[in-house]
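In the two complexes below, chain A is the common chain; its partner is chain B in one and chain C in the other.
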Partner chain A sequence: MPLIDLGAAIALGLRYFTILYLTALGGLFSERSGIVNIGLEGLMIVGTIMGAWGTIEYGPVAGLLIGALSGLVFSMVHALATVTFHVDHIVSGVVINLVAVGLARFLSALFFGQATQSDPGIPHLNSIDIPLLDKLPLGLGAAFSNMSPVVPIAFLMAIPTIYVLNRTRFGLRLRSAGENPEAAETLGVRVAPLRYAGVGISGAFAGFAGAFLAIEINQLFREGQTQGLGFIALAALILGNWAPIKVMIGSLLFGIAQAIPLRLSDAPVISLLPEEFIRMIPYVVTIIAIAGFVGRVNPPAAAGRAYEGSAA
Partner chain B sequence: MRSGKWLVVVLAAGLLASACGGGSPGESPGGGGSGGGIRVGLAYDVGGVGDKSFNDAANRGLQQAIDEGIVDEDDTEFIEANASGSDRDDNVIALADEGFDLVVAVGFAFSEGIDKIASDYPDVNFAVVDGFAKEAPNVSNLVFKEEEGSFLVGAAAAMKSEAGTVGFLGGQQGTGLIEKFEAGYTAGVQEVDPNIEVLVEYIGDSTAAFVDPTKGEALSSKMYDDGADIIYHAAGGSGAGLFKAAVEKDGLAIGVDSDQSLTASSEQRKLILTSMLKRVDTAVFEAIQQVAEDSFRKGFQTFGLAEDGVDYAVNKYNDNPQLLSQEIQDELDALKQDIIDGKIKVPTEPAA
Partner chain C sequence: MATAVSGAPKRSRSSRLELIGGQILAFVGAALFAGVIGGIIIVLYGENPLFVYATVLNYATARPEDIAQVAENATPLIFSGLAVAVAFKAGMFNIGVEGQYIIGMLTAAIAALYLDRLPGVLLVPAVVLSAVLGAAAWAAIPAILKVKTGAHEVVTTIMMNGIAISLVAWAILNPLKSTGEQSVDLRTNLFPGKALMPSLAEPLGLPSSVHLTLLFPIALLACALVWFFLYRTRLGYEVRAVGSSSGSAEAGGISIGAAQIKVFLISGVLAGFVGLNHLLGDKGYLGNNYEVGLGFAGIAVAFLGRNHPVGIALSALLIGVLIRGEDGIALSTELPTEVLIILQGVLILSVVVAYELVRRTVARRQLREEAVVEAAAPAEA
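Presenting the complex of A and B:
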């Protein structure tokens, strides 16, 4: 196998990783605050359309931020439904995913004059080479050259996430809202605002990931381009046991698995498999990882449970 | 439970917004005049007018009929399907109820609905683009010989290729439709030079394969890396990934369905050799003309090279020696004539 393919496969895997990890990190905030969020896919979709519009109007940096902001705003529907009105989290998440598709279509017609896509080649950030790593021999340097600057940012996001969750008053209270809201409230912690914040952060992350997909990877908005990656991000979150570093490993695993059928279909061993099986690899990896090898899944104790609050 | 009511309001507002995305009935903006001719209704599929693809092509066919005075603009109407396409049948029924002489359904997905509806409206003629509706006295399926157009762009690729390797990027595998494009393309390449290798990649096995530019780009990059210098796609929206890969790898690309040089970005169109044109406008125009002349052809009407139903694209961007030179165009036109004359038979299934 030419090693250049391995480098290209890693580069592609890192693109998928970036989408998955950013989205999963957002989901982590939501779920650690006690709100299950299966609407990540829908929040990403809102990020793709708003990010594409933003980059055309104001450039790629603004586009990414507008994507994040729109995800945040849209996620407030989920927060309102689950925190304030105690709607079942799964039902509300499904609604988010359904409405996002229609909303994106409506906005696409408004922004681009066509219902399902923008023009191609929308403005994007200049790609970068990672010093030293891009000089790796045997074609592996390709994995670390010509990379979107958002990719390393995704890795780095683990640091503020760990810090906020473990070292700040906000993070600790957020976690208490997700583990035992009754106990938190008896200690004077107001649960509802924390849960709004958790959901809002997940919306911002997912919207940012969607904007990254549209602006940096595809360089256009296209209906359906998220391809269910929001759900794979959810799987990475579960596989990573709601812990930032483990979620990173899970996202890397799923990201690389996505790349295998696309870049390594003629690699040794893999090429012996029938085509259909090679295409199954990402899904098989996901199912095995979730069903078999996670060990004890340890979700936040109060996640998915409505909290009525003492003042109700 | 007061709060519960509010939630319903919020959700209803959201769903309304999503429904608006689908589109609503509209009449063509009016010209004057009163024709005593036929009345034509169009049921567009998901995407509606402005999709720069199927629906717009059908609309051009209608406009041509209006321009040539076959049908009066006031006697036309269209309805766009909603986002999920769940109201396709209702739209066709609405048009049939209004007593149009011809109802054109733009897309294969209308076929099964037309099967049920057509017998209730014996005085209305139904035409289904890409259709597979059952035989009925008032139903015509307008289908295309995609393999013939693909043959020509395959020949163009073979004439242009310097690497001796070209590629094909397919969308959904397993239905036989995209395989027709592959078969024609490969046959066209081999007609010109049997020694050229054709790399083939399919994106997936579901319709999601047509809206995945990420995978489209990844597979195109792989084929360029593996030595292909020209790639033809039949992958719908995923083809955007091919054009992006072409820019990054400095390869040539071939578009599909419509003249994609016209909708590509400026750096992409320098690399688009040509596009395989599927003339939905021709088919729609023909159907309208047939009804006007009372010669509506039921069953299947096939639009190949002979009927101007498929073709290769020449435009102001590729009509030059760097891309589609005059010599190549002359050779392609000779091949086109051979196919029309029956001297070349184009296969519809890839060789095993």
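Presenting the complex of A and C:
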């Protein structure tokens, strides 16, 4: 019995991984460019509402893209505030999160006639089976069958991310804006547009992840469905030391931790805990991970710092 | 460049006045800007923005009980704004006010239910003390983790918020579950009447639907105490030194870690008061219907108020007006009340941006004046 549950638990963990990893990769671009983005949660929320609307109107592919695009547009508020007007990054991020909740309710009332959710069963993508892995014994195959195609795409996103960051001129300049904006500017790199780009990419990723949550997992928009996943993605980013592959490992850890309360509540030891304590597991895991590994983290040197360049 | 390093203490009196005047101007300008943006949204929704704003103002100020309602709304926001601001003065973000006040409500409920043998004169202070200790203990964990391991308080406090919500959900379902007939209600037993916060409604001749309590004057007193702490005590000085430049503070012999832990505890103490008006002035029990989001609202209040106790009191009252206005909007227009949340967000961002623009303008002018002085007397290098 527990082994069969394990397959389902991994399947759910992989879905949470997808949300966390996509959002964290977005955050990686933003922070590598020097802008701390705790507004990821709010950007995800915008992705859920716009993605849900998009899939109802134009189908799931368009829904995911509309989610990404609206995340991008909304993130420009954060970019404008932090890059151009030097508003404290945390303050702006908190405001993004506050406004996103209000905006989502407003739009939900507009789109669905009720402030807190859409009708359930909105259109989603056809699910796929991963060849070979879906035949794994002991019920583990269930983890890799009937999967949203976005899940493997999330894993594969590591490749373009690494390529862009390390092998392109844009990536090099983006990182220099986050590490040493003064030196970058001296070398003729314009910091502000790069930081706008970094924040915009984070908005697109987080919006996409939110749309994935609404369309592919819950198949509806519901207020509060992001449940703080944007913040856990931020923790995965820190735990992964702002490096794409390590962030993937961190996101897997937190993804599985998220799945425990929902799918492993019957497992030995865990079943002895009251439900509310099981729900604390992801948060406790995050705190322990952040406190335990943080000695080894190495954030972008200029992240969180306003850059008052010559153009400012 | 030199002015940027030497910073605030050298600012002359006239330029300080100029800065304060500029900030007031900035606030007004930003509020107008936010009103225009909000107005555009309202027009898109097919309503008249002037009518909507008039409704908000009318609902908030027409009768004495409306004003009392605004003060009631502002009470928790003053405490959470102060909690955020105190930590911010030390360069830390207490995003965990949310979880801290939720734990404070839990420990207050425990005291109210189990210390019921105490007379009222002692019980109310004991309940408040219990709230404060619970909230401060909850704040201590991320503070200690930050100082000992470097774990960033923004992430850990957010996680502590999630844990607090689950802990309270568990407590009101298990050890504190009400023993009364209506077991469908997820809540504790009613607190004894003597554990409740003395109401100001009756003495002021207001209807009992207003839950204005002694906590409102206590909140104003807290503003004064926080001001005194920050600007007139040694620890307050250290806190501000750590916040403005940790490097020079350390060189000046200040232990950064110790100052950060102490200030986070003070922040937690203030957070402990946030949930009390709801708990002891309104409901009289702890249930799963408690108000959430007051901690995050505190961040908005703190930054609207420029992290200064007076500014915090004023901006809490302003947000109190907007919250009261939601009722008016819901009753008199077709508009979703979320418009006011969006309006708040636009207001905060535009105010913060406006402050920054003023700061830049004043700094630039000062730089120019100093350049003139230096050009006139170029003897020293």
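Throughout what follows, the second predicted complex is superposed on the first by the 299 of 312 C-alpha atoms of A that agree within 3 Å, B and C clash if a C-alpha of one lies under 4 Å from a C-alpha of the other, contacts with A are read in each partner's own complex, and residues count from 1 in each chain.
Definition applied: a contact is a pair of C-beta atoms (placed from the backbone, for glycine too) under 8 Å apart; a residue touches a chain by one contact, two chains touch by 3 or more.
The model shown is predicted, which means the values in this text are computed figures rather than measured ones.
Novice: Clash or fit: what happens to chain B and chain C when chain A is overlaid?
Specialist: On the superposed model, which is not a single observed complex, chain B and chain C clash.
Novice: Name the contact category of A:81: first (chain B only), second (chain C only), both, or neither.
Specialist: After superposing on A, A:81 lies in contact with both chain B and chain C.
Novice: Quick check on the superposed pair: does A:8 touch chain B, chain C, both, or neither? Answer first, second, both or neither.
Specialist: The answer is first: A:8 touches chain B but not chain C.
Novice: May I ask you to decide whether A:38 touches chain B, chain C, both, or neither, giving the answer as first, second, both or neither?
Specialist: In the superposed model, A:38 contacts chain C only, not chain B.
Novice: One more residue to check, A:284. First (chain B), second (chain C), both or neither?
Specialist: So A:284 only meets chain C here.
Novice: Is A:98 contacted by the first partner chain B, the second partner chain C, both or neither?
Specialist: Once the two structures are laid over each other on A, A:98 reaches both partners.
Novice: Between chain B (first) and chain C (second), which does A:106 come into contact with in this model arrangement: first, second, both, or neither?
Specialist: In the superposed model, A:106 contacts both chain B and chain C.
Novice: So in the superposed three-chain picture, is A:231 touching just chain B, just chain C, both, or none of them (first/second/both/neither)?
Specialist: second
Novice: Go through the superposed model and pick first if A:129 touches only chain B, second if only chain C, both, or neither.
Specialist: neither
Novice: Counting only touches as set out at the top, which of chain B and chain C does A:115 meet: first, second, both, neither?
Specialist: Both: A:115 reaches chain B and chain C.
Novice: Between 207-215, 225-233 or 243-251, which chain C stretch has C-alpha clashes with chain B?
Specialist: Answer for the clashing stretch of chain C: 207-215.
Novice: Chain A residues touched by both chain B and chain C?
Specialist: 77, 81, 85, 87, 95, 98-99, 101-103, 105-106, 109, 115, 228, 276, 279
Novice: List the residues on chain A that touch chain C in their complex, please.
Specialist: Interface residues on chain A, with respect to chain C: 38, 77, 81, 85-88, 90-92, 94-95, 97-99, 101-103, 105-106, 109, 115, 228, 231, 234-235, 238, 274-277, 279-280, 282-284, 286-287, 290-292, 294-295, 297.
Novice: Chain A touches which residues of chain B in the complex?
Specialist: 3-4, 6-7, 10-11, 14-15, 17-23, 46-48, 50-52, 83, 204-205, 208, 211-215, 217-219, 221-222, 225, 237, 240-241, 243-244, 248, 263-268
Novice: Inside the complex, what are the residues of chain C that reach chain A?
Specialist: Spelled out, the residues of chain C in touch with chain A are 41, 93, 95, 145, 149-152, 154-156, 158-163, 166-167, 169-170, 173-174, 296-297, 299-300, 303, 336, 338-342, 344-346, 348-349, 352-353, 356-357.
Novice: Name, in rising order, each residue of chain A that touches chain B in their complex.
Specialist: Residues in contact with chain B: 4-5, 8, 12, 15-16, 77, 80-81, 84-85, 87, 95, 98-99, 101-106, 108-109, 113-117, 119-121, 146, 213, 217-220, 222-225, 227-228, 259, 262-263, 276, 279.
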